[in-house]
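Pasting the structures here.
In what comes next, chain A is part of two complexes: it sits with chain B in the first one and with chain C in the second one.
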Partner chain A sequence: MDFAASLSLVAPEILLSTAGLVLLLVAAWAGDGASRAISIASVAVLAACAFMVAPALCSGAMGPDTVAFSGQFRADAFASFAKLLIYAAGGAALIVAPAFFERVHAMRAEYPVLILFAVLGMGLMVSASDLLTLYIGLELNSLAAYVLAAFLRDDERSAEAGLKYFVLGALASGILLFGMSLTYGFTGTTSFEGIRAALSGTISMGALFGAIFMLAGLSFKIAAVPFHMWTPDVYEGAPTPVTTFFATAPKVAAVALSMRVTLDAFGGQVAAWQQIVIFAALASVIVGALGAIGQTNIKRLLAYSSINNVGFILIGLAAATPQGASAMLVYLAIYIAMSVGGFVAVLMLKDADGAPVEGIAEIAGLSRHRKVLAACLAMVMFSLAGIPPLFGFWGKFVVFQAAVQAGLVPLAAIGIAASVIGAFYYLKVVKVMYFDEPANVAVGKSDWAHQALLAIAALFISPLGYLLTRWLGALADKAAAALFLAA
Partner chain B sequence: MNAIQIIVFGPLLAAIVAGLGNRMLGSVAAKTITTAGLFLSCVLSWPIFLGFLGGSAEASVTPVLHWVQSGSLTFDWALRVDALTAVMLVVITSVSALVHLYSWGYMDEDPDQPRFFAYLSLFTFAMLMLVTADNLVQMFFGWEGVGLASYLLIGFWFRKPSACAAAIKAFVVNRVGDLGFMLGIFGTYLVFQTTSIPEILAAAPGMAGSTIGFLGYRLDTMTVLCILLFIGAMGKSAQLGLHTWLPDAMEGPTPVSALIHAATMVTAGVFMVCRLSPMFETSPTALALVTFIGAATCFFAATVGTCQWDIKRVIAYSTCSQLGYMFFAAGVGAYGAAMFHLFTHAFFKALLFLGAGSVIHAMHHEQDMRFYGDLRKRIPLTFWAMMAGTLAITGVGILDVFGFAGFYSKDAILEAAYARGTELSQFAFVLGCIAALMTSFYSWRLMFLTFWGKPRWAGSEHIQHAMHDAHVHDDHDHGHGHGHEVDGTAGYHPHESPLSMLVPLAILSLGAVFAGFVFHDGFINSEQFWNGAIAYNEHLIHAMHAVPLWVKLSATVVMLTGFGIAYAAYIRDTTIPSRFVATFPQLHGFAFNKWYFDELYNFLFVRPAFWLGRQFWQRGDVGFIDRFGPNGAAWVVAQGSSYAKKVQSGYLYSYALVMLLGLVAAVSWALAAG
Partner chain C sequence: MVDLSQYLPILIFLAIAQGLSAAFVFLPIGVAYLTGAHKPDAEKLSEYECGFPAFEDPRSQFDVRFYLVAILFIIFDLEAAFLFPWAVSLDVTGWPGWITMMIFLAELVIGFAYAWKKGALEWE
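Take a look at the complex of A and B:
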């Protein structure tokens, strides 16, 4: 593989980094006044990147042709699938931001640039086929994310969220790095392919420790129990557009990276990590559901909901089959739409002065004066609860199907039972909106960008989404095939 | 479209229209549709009956629909018409049509008339399905249909707690009988591999003497089947043991009592035994049981009837007693006599009930005979109708000249019982005679208390209410009522019922007077009338004609004796009853309290059932299933939720601790597993 070919494979990343640097300079020169223009440019860059990665997915690219820089980087269909989701989520985070920040005069030109760098890091994560690429991508994303969490510097909660995220993220990074060094020490290589080759046969204790530490570090990123504690605090404290971003793109990146690490690098030692993934999956589902019940803040509720959903995704990982991987990707796509829809709906909840409304009690009787918004939010809630005919049901269905076909019937059964608990708090939100006495707080006008985004998300998770199942399933199958071929 | 189809489905159609139309349709339209439907059925039924009577009609089966086809189990909806069905057709449609008409007047002030008439018509449809059934399953459909309609009509005034309780009691007690009937049907299918009645009856003699395993015993097949079926008949026909619901069913409107709880539904058991008579003939044991239960019921109900005060309850026990006659007639093999008594009884008992309804109507809903008296002159038409009914039920008549309806049918039953010649049938004959004496006594007691003597209305709360209301409306008429308090009328003027109530009374009176005389020969002596519809015992018929003269006269003698006692006690010297009660308090208490059946059942079944229900409810459901099921799970979730909130302290160090603990746990797991 010559250098030029490698460059062509990393073209989206090159575009992203160049654009990020250029736009940073523009921001420095033009100041905050240009932030809207920079945002639009960023969205355009993301769209261009999406067009650049799409062919690899459609053609189901896999094998040696997709490997760049001597095995450091892989631009296969799997990476493309994840990148498309990441770009979409990043774009959504860019589109929703101006209306939110401008009210408090905090729309800064750095915001879109930070998003671009975070997206670049995530792109590297999902394409990583070497521990070093993995770490660089992860840290690039994390550093941008810490800043984004504390983006409203004057806001105590935002600053607290940024600090907490940073300290705990550093701890997780340390654990991850420790695991990587153990793995390197016991296998003598940093490439996934090499690790996999070195670990054939009985796994040594050191390599096992390395695998567990790496999983722990990655679990922090995807907010799986017991590495989830930061999530509610950060989601609540961070500005809502940032929360929208956190709940979507990094999840995709971290989940995809975890899939690469477990199914590729440690793919020959499924028994070593499967039990741990099963535990994390069940614990996430249950703790996410239980934690959400007592919440009074809707962002916090959605944070627990994301933990709960990660649990369902991990059920697909526990299956350790191409089918499970495909199911996870389908679930991720639907989850992105539901999360974007949910958070955009939250962004649209404003009082008469335009200040954000986050209390669940304050949206009581929303259906009386904001019929469409309440209907969309109700749809998101029903979909998250996995109630047919909404699209959220399909994601849960394919994941459980994969688990059952992999012989993990008890896991699927417990997951289904736990989703009943989840239904309780989702439906409670609907009940508050539709049946409680109106609180008449969330009466403010909505931004058109929000409305458009919510409409797209709602359309996707509506029963019409089932029209996409074949198409989505086929793409996810291609991506999963690419992942397993590399393995 | 066949006449029989119109007869059966006309009432159903009327019931559907009136029931669903309800208030939208309005009372008058609903009443008109249902009543017209019934009169049409009635008009079409009589020619069928007369055709069989004249010997020109043949038994026929009109298929309606395929119903069930599952393996060897097949049965269809079909309407079977033979002599037995024809008798029931005229009884049901005639009485039902007259009761519909009567209800125009009786239910005039009720706000729910469409519902009432829809129920009445629905009942009629179900009853017609029952009697036209060609297979046991269809019969069971009709059986349950009449049970449902009966339940709905007893509880028609559902705001009255006693009516609801009576409706539930009727339903539950009938379930006991229905269980027997169902087991009988299952067993019959098991043995005969068909539910078709003609096929079963044809195959029954061949099964005599075979045995079947039942409850761990080897028993005679036909005896087991017949007894199970008879248990069903006992429930529906209120025979001793399962009779307790019938008196309580008088909570329903009086026309209902006349139609369902006197003339038609309660005779379904008798009909069923007659319909399956070739089956019963194969089991002497079952027939003996039928005879015994019938005779015992006949005697028991008559004793209770002698000391009730509620006019409807007296007639209800009288019904129970007369049903006993029919059963022991069937038990001794005189199915024709049983059906004849069923036929005549339908007319005179419906007449008595409707007459009682007219009295109640006149006396402003007062039902206690202690507050009647001297009504003969006030409501003369009702009086004469009741008189006809009483003459019919007590069996007044002169041998070989003329008699009222009951004279022919009851005498035929007693003669058959005597002529049968077995010990049990002799026993039945004796009990039947005693019961006939008591029948005469309580019937005349009813007449004397109601229509003779001095007015005792002043004591009645209903009358007082009526007078109070009248005073409020009419308060310048003060002092008018005071002069009447001396004569016991409290100033109340009973009013004769409207024409719509009097016409049915008149028609039924004709039936009560002439039904026996006209149809006597056809029912009792003519094999060609029945033409195989029931088991016909030629030998028994001859023996009946050859009984000694004293047997033929015994019924008349006891009737006159009963009349004499009633006359002495309620006209000549009205202190006799109270003196009698004072002398034999236990005896009176025993009969007055209905032999303590309700108390016994309450102790044996009702309270244990409530206890068991409460155990299941509070310990089983609330205490166990809910506690460890939904409520327990909810509690666990709530606890888990509050715990999850507590752990989420907001402090960085505790978050870091949880992360490290998780890491340590994962590593330990891997170590332990590896």
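Take a look at the complex of A and C:
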């Protein structure tokens, strides 16, 4: 594989890094007044990158033609699927930001640049086929994310979120790195293909420890129980546009990365990690459902909801089949739409002065004075709960179907039971909005960009989304096939 | 008969999770208890200040610019550290190695220009 071919495979990453660097200089010279222009340019760059990766997904690219830089990087249909979701989530985080930050005069030109660099890191993560590419992508994403969490630097909660995320994220990176070094020590290689070949017999104790430490580090990044403690605090403290970003793009990237590590590098040793994934899946579903019940802040509630959803996604991973992988990707696509819809709806909750409203008690009786917003938020909640006419049901359905066909009937049964517990708190929000005495707090007007984004997300998760199932399923199948061919 | 040894990975995973979270709670308490001053006197309770009596509260805020300068120093110092192995192995890596390093240096120059323009290098 020569350099020209490798460079053409990483073209989206080259465009992202060049655009990020150029816009950084623009940000320095033009100042914060140019933030909106830089945001628009960044959205355009993300759209261009999406057009560059889409052909690989549509044609189901896989095999040796997709490997760049002698096995460091893989631009196959699986990576393209994940990248499209990441670009969409990054774009949403850029679109919702200016209106939120400008109210407190905190919109800085660095925000879109940081998002671009985080997206670049996530693109590397999902394309990684070597432990070193994995780590560089992960760190590039994390470093940008730490700064984003503390973006409202005059706000105590935001600074606390940034610090907490940084300290715990550094710890998780350390655990992951330790696991990688053990894996390297016991297999003698950092490439996923080489690790898979070296672990073809019975797995040694050292390599097992390596896999476990790597899974622990990755569980932190996807916020799976028992490494979920940071999620509610960081989601609550970070500015809401940043929370929108955290709940969507890094989740896709880290889940896709976990799929590569488990199904590709450790794909020959399913028995070694399957129980861990089953445990993390069940624990996430249950802790996510129970933890959300007592919450009074809607951002914290959505944080527990994201822990809960990660559990459902991991049920697909526990199946360890191409069908399970495909189901995970379908679930991720729907989850992105639900999360963006949910957080944009939260962004639109403002009091008469335009200050953000986050308390669940304060949105009581929202349906009286903000009918459309209340309806959209109710739809997101019903969809997250997985109630049939909405699209969220389809994601859960395909995941459980994959688990049952892989012979994991008890896992699917417990998952379904736990999703009923989860429905309780989603429905509580709907009840507060529709049946409680109006609190008349969230009466402020919304930005048109927020309304448009919420409308798109609501349309996607509405029953109309089922028109897409065949198309979405076919794309996810292609992506999963590419993942398993690489493995 | 259930073969419990098959559940070893999950046990290790749990033990690591438990161990880490327990260590972060109890280790500082335990270390502080074991190494703390059990027989306090005025001298022991005063802050350690390199041999001279403490003259101000150690928690006073210091200028964030020290921090900024230290970070910039680390970044550009590491850049120089990267140049040495690159320089001695250039006959092996050839043109690709040279071009890669030039791209790396160009990116650092952009970072440097950004820091300069933002005024991070000015003390006053």
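We take it that the second predicted complex is superposed on the first by the 487 of 487 C-alpha atoms of A that agree within 3 Å, B and C clash if a C-alpha of one lies under 4 Å from a C-alpha of the other, contacts with A are read in each partner's own complex, and residues count from 1 in each chain.
Heads up, the rule we're going with is that contacts are C-beta pairs under 8 Å (C-beta built on N, C-alpha and C of every residue); 3 or more make two chains touch, one makes a residue touch a chain.
In this text the structure is predicted, and so the values were computed from the model without any measurement.
Q: Quick one: on chain A, after the overlay, do chain B and chain C clash, or do they fit? Just give me the call.
A: clash
Q: Quick one: is A:Phe3 in contact with chain B, with chain C, with both, or with neither? Answer first, second, both or neither.
A: A:Phe3 contacts chain C only, not chain B.
Q: Could you look at A:Ile276 and tell me whether it touches chain B, chain C, both or neither (first, second, both, neither)?
A: Both partners, chain B and chain C.
Q: In the superposed arrangement, which partner chain does A:Arg370 touch: chain B (first), chain C (second), both, or neither?
A: So A:Arg370 meets neither chain B nor chain C here.
Q: Just to be sure I read the superposition right, which of the two partners does A:Ala28 touch: chain B = first, chain C = second, or both, or neither?
A: After superposing on A, A:Ala28 lies in contact with chain C but is clear of chain B.
Q: Let me test your reading of the model: by the given contact rule, A:Lys396 touches which partner, first (chain B), second (chain C), both or neither?
A: Neither partner.
Q: I'd like to know which partner A:Trp230 touches here: chain B for first, chain C for second, both or neither.
A: first
Q: Tell me which partner A:Phe213 touches in the superposition: chain B (first), chain C (second), both or neither.
A: Touch partners of A:Phe213: chain B and chain C.
Q: Counting residues of chain A touched by each partner, does chain B or chain C come out ahead?
A: Of chain B and chain C, B contacts more residues of chain A.
Q: In the superposed view, which residues of chain A touch chain B and also chain C?
A: Residues common to the chain A contacts of chain C and of chain B are 175, 208-209, 212-213, 215-216, 226-227, 229, 272, 275-276, 279, listed in rising order.
Q: Can you check the complex and tell me which residues of chain A touch chain B?
A: The contact residues of chain A facing chain B are 164, 167-168, 171-172, 175, 203, 205, 208-209, 212-213, 215-216, 219-220, 225-227, 229-230, 232-233, 272, 275-276, 279, 286-287, 290-291, 293-294, 421, 424.
Q: Please output the residues of chain B touching chain A within their complex, sorted ascending.
A: 637-638, 640-645, 647-648, 650, 652, 654-656, 658-659, 661-663, 665-667, 669-671, 673-674
Q: Which stretch or stretches of chain A touch chain C in the complex?
A: Interface residues on chain A, with respect to chain C: 3, 21, 24-25, 27-29, 175, 208-209, 211-213, 215-216, 226-227, 229, 271-273, 275-276, 279.
Q: State the interface residues of chain C toward chain A in the complex, per the touch definition above.
A: Touch residues, chain C against chain A: 6-10, 12-14, 16-17, 20-21, 96, 107, 110-111, 113-114, 117-118.
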